[in-house]
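The first chain written gets the first letter, and so on, giving A, B, C and D; residue counts start at 1 in each chain.
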Amino acid sequence: MGQTIVEKIISRNIGAEKVEPGQIVTVKVDRVMLDDIMIPFIVDKFHEMGFCRVWDPDRVVLIYDHLVPSSQLDDIRHYKVGDEFAAKYGIEHVHRSDGICHQLMTEAGYVKPGDVVFGTDSHTTTYGCVGAFSTGIGYTEMAAILGTGTLWVKVPETIRIHISGTLPANVMSKDMILRIIGDLGADGATYRALEFTGDTVERMSVSSRMTMANMAIEAGAKCALFAPDEKTAQYCGVSLDGFQPGLAGDRDAAYLKTLTYRAEDFVPVMACPSQVDKIREVKDLAGLPIDQVFIGSCTNGRLEDLQAAAKVLEGKQVAPFVKLIVTPASRKVYEEASACGAIGTLVKAGAMVTHPGCGLCCGRTGGILWDGERVVATNNRNFLGRMGTSKVEIYLASPAVAAACAAAGAIVCPL
Amino acid sequence: MGMTIAEKIIALAAGADQVKAGDIHTVNLDRMMSNDGTTHLTVDMYHSKLNTPRVADPKKVVFIVDHNVPSDSPKTAAAQKKMRDFAKEHGIDFWEGEGVCHQVMMERYVCPGELIFGADSHTCTYGALGAFGTGVGCTDLLYGMVTGSSWVLVPETIKFNLTGSLPQGVYPRDLMLTIIGQIGAGGASYQVMEFCGDGAKTLSVEDRMVLCNLAVEAGAKTAIFEPDEIALKWLTDRGRRPKAVFKSDEDARYVKEYTFDLDKIVPVAARPDFVDDVVPAVQVCGVRIDEAFLGSCNNGRIDDLRVGAAVVKGRRISDHVRFLVVPASRQVYLQALEEGLIDTFMESGAIVMNPNCSVCWGSCQGVIGENEVLISTGTRNFKGRAGHPSSKVYLGSAATVAASAVKGEICTADML
Amino acid sequence: MSVGKIFKFHNDLDTDQIIASQYLLLPTIDEMKVHAFESLDPEFPVKVKPGDFVVGGENFGCGSSREQAPGVLKALGVQAVVAKSFARIFYRNAINIGLPVIVCRQLPDAVETGDEMDLSLTDGTATAGGETFSCTKLPPYMKKILSQGGLIASLNREEV
Amino acid sequence: MEQFTGKVWVLGDDIDTDIIIPTQYLALKSIEDMKQYGFSPLRPELAGKIEKGDILVAGKNFGCGSSREQAPEVLKALGIRCIIARSFARIFFRNSINNGLLLMEQPELWDHVREGETIEVVVNSHVSSNGKQYPLTSLPDNLVEIIEAGGLVKAMQARNGLAV
């Protein structure tokens, strides 16, 4: 009997031949990510637990992203606590204004195929895009990992998502994952791993895969994995070792179920207020007037996303009285988007380009809205009140759709 | 009796042949600007306090959202929505995210000879083009919007004779801070600061904006330069024409005269918590900083970004410093992008934001914490201006701010 | 006018101290007023009673054009502001909303916070500590605005 | 066997962590400062009404969304004794156990229970509402260990030789 990707990673991690779904095991942690919102809480728990050293400072990454730039006085405390903790325990990987945690973890090479990674943010599932087992945890567990380097996990069952064929021109990986979440439901993958396979997936860029792994949590998934390939190796700046190339689900692995999609069947879609699994085709929503568009986040703030938006907005202007806010996912993305002209195109079209960070997606600043306003956003959640009051309507979409809506001042489907 | 430029502008707006300091006149306003710091209150008053709500001439009114951009809270969003809805309903020019209001006004509206009210104290910036711009409150602005007119007390004028030219590494901001340091925070209260002399001819329109913009920090009602060929070319390049080109008469009355030799100006800094507490920058070197800010309607233009970028190029911002770089407008941002300045700032580790008031406004972007120290190219260093009441703000030139960001403590650019 | 208690502040008292930027976008003046003078005296909004006075030195109200500054003082019931001199936008704003602003060169140095004071706008005098100080009279134009209850009230009256 | 009664508050499906405690309050200094904002996007009045010992009954996927552990901590600070839902999102589940907040899955109770009624819970056995009993399953052993230790912090304190 073969194994799925997540089973293989866990087996290797614990030195077992094989693990079974449902089995509870203790894994050795390869890397942890601590984000600025949670740092003071983690530090408090760490000390309360009685630890006096971090198990392996080189495996710890601190990232300030939700609170950058500071918008409230309380934010400063989080930087200070992080800086002091890093200095005291010899943690050198501290990113103070370089972008969103999930983007940096993969982009800066902190995560490699086959790694076991935990982060204090639910979108830690993102690193499955390079074939790592990664998931979000709370600050108490993070404090325990910092002291022990281990964590218990239940081996998840795996749902396979198989996609083959060629995507229509106006469809991005965001449209695919939204549709899949709609099909699974917001809790359809709770406690489970997703594994993406098929020639469509194989042809996708690592960035596109990242969008899908990122959003797996919106179906409740514990993690979401793609088999690492040459593209992955190049992205991570590694050559695949003896273990990594075989890190694909076995033919005879036991999947809980397999969902099969034809790429040609995907169309541009949106998640409607206020559930991520409330999916409708963009064409059915066409004409709804909008007040704001947000392009950014760990879901869709990468170079290819900004390029897709710039392509739509080239030579066009954002509609009157509509705001377009663009927040690149990282400093590197910003620099590359500047070099290729995408930033220039977007700013000329009327966009406000902010510094890389979580921005509006985490709802603290970056374009908060008021009662009755409607926003089209490329991020991962449209929960009630997430971007302002509970009377703000949030529609989630791909960067191409979002850009088209910005120009039209209404929901519209790009060609 | 001759008149000064300011008196001539008021006379024209009042339809009078002659005005003199101390007179109160009813004037027609050429333009009114209001931003998101107060417009929600103006709109509320419009709806709740007027017997006959109306806008005399929507074409003379400009609304600019620049203070909290992008919006930082539901309350901000509500205030801005009120403004947006009102502009939409009345056909008022509306800009959001385009840049700091005074920069946008200069780029798109201000013409020599105009009398402009802005619901923001730094409206005095427009004197760089020979316009009379002055800051008012939202009640004044509302009255102006409804009637197209207002009352003004004709101010006295102080002449600032500028000679020589600024040395390398010394900037118009150093000059203006030096002037304010000398005459004091109330040194030109209710008065007009008129800049003239050979030294004035060495200054670009952007340089003149730096001087005029800070005039309110000396209490001035406005500041003004004669619209010379430099100003008129600047205006023509942007496709606009003057309303009137005024020079002060030979026998115009000045209440006081000062002469400043530009050659003698050195890099300076204003110490917390007063803009007129100005000392040579070398005297404050060594103060550890937590944040640095390059931007604002005073010092966020392309010249300033060039100066800052030249300092940080090939260097890293100190680990413990948050260096916010915020171009004053979309046009400035695009120019900086084209020149590679934005890339230079990003590579150095700076935080680059969309054009807005940012740290200078001190309420929602780059706020500083308890006992933190900021060095800024903003307009003010009042107690708590940038965040916690215990925090401290120093004002310096773009070069000093950028150099300090690299070093992690206040230093001048030549000390790196 | 009647007797009120004095709250005295320093020279060059700027509008950021009267009401900080972070509160300016609150929906109403009433929501802002509880933050008046927060950096200097957080208890001020509780301690000040209707009819009390704010006394300043030179250049009172310098800084921004925020009308919220005189607005919160008026909303807290401050009877008048007396200072050696005023920054012009603050002065204009105060008149426009009907808050008396009185220039008096001598009084500020002779009084302290907590002293009682009596102000007569018609006589142009202020009395504190048994001493009477003469104040600069308002120009008739501004007096008219003030007596009509502010600029908007005067506009509405003209239209009647 | 542990048993208790409590007054019921009823919530729907997919109650996410942004509803339980919105992001804008997450950087407040303490859970005590945050708790007044619990459920504010959905039912702003609720935080003020919940009393110590009350029970939340919810639909499926309770606690979905972010990994913010402030969510179970806020509920605990409000005095919630336990949550009975048709199902829980996994990070919320882990975070609750680690904080000693009792969670139980029960597929049918939600369809029948009414807000304001008092129900009786017998842990690992059943819950009684309106004269009817609904079965409860028991937790896996490793979780029982954490709960028995008094939460993860206490478990770690014991490991580090601190007096508990």
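One rule holds for everything that comes next: a contact is a pair of C-beta atoms (placed from the backbone, for glycine too) under 8 Å apart; a residue touches a chain by one contact, two chains touch by 3 or more.
All values reported here derive from a predicted model rather than from experimental measurement.
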Excluding subunit A, groups that stay connected where the other chains sit: B, C | D
| item | value |
| --- | --- |
| Taking each chain's C-alpha mean as its centre, the one farthest from subunit B | D |
| Between subunit D and subunit B, distance of the C-alpha-averaged centres to the nearest whole Å | 54 |
| Gap in Å, rounded to a whole number, between the CA centres of subunit B and subunit A | 41 |
| Whole-Å gap separating subunit B and subunit C, where each centre is the average of the chain's CA atoms | 26 |
| For subunit A, residues that touch 2 or more chains besides their own | 72, 75, 77, 364, 389 |
| Touching two or more other chains - residues of subunit B | 73, 76, 78, 364, 367 |
| Topology of the chain contact graph, where touching chains are joined (line, ring, star, complete, other) | line |
| Which chain pairs touch, all of them | A-B, A-D, B-C |
| Residues of subunit B that touch subunit C when the two form their complex | 24, 36-38, 40-41, 44-45, 49-52, 67-68, 73, 75-76, 78-79, 118-121, 123, 135-140, 142-143, 146-147, 151, 153, 185-186, 189-190, 216-217, 219, 221, 274, 276, 361-364, 367, 380, 382-385, 389 |
| Subunit A partner contacts - residues on subunit D that touch it in the complex | 14, 16, 18-19, 22-24, 26-29, 40-42, 60-61, 64-70, 72, 87-91, 94-95, 98-99, 140, 142, 151-153, 156-157, 159-162 |
| Residue numbers on subunit A that touch subunit B, as the complex places them | 68-73, 75-77, 80, 83, 96-97, 320-321, 323, 325, 331, 334-335, 338-339, 343-344, 347-348, 350, 352-355, 360, 364-371, 373, 388-389 |
| Interfacial residue positions of subunit A with respect to subunit D in the complex | 24, 37-38, 41, 45, 48-51, 66-67, 72, 74-75, 77-78, 119-122, 124, 135-141, 143-144, 147-148, 152, 186-187, 190-191, 218, 220, 222, 275, 362-364, 381, 383-386, 389-390 |
| Sites on subunit B touched by subunit A in the complex | 69-74, 76-78, 80-81, 84, 87-88, 94, 96-97, 319-320, 322, 324, 330, 333-334, 337-338, 342-343, 346-347, 349, 351-355, 364-370, 372, 387-388 |
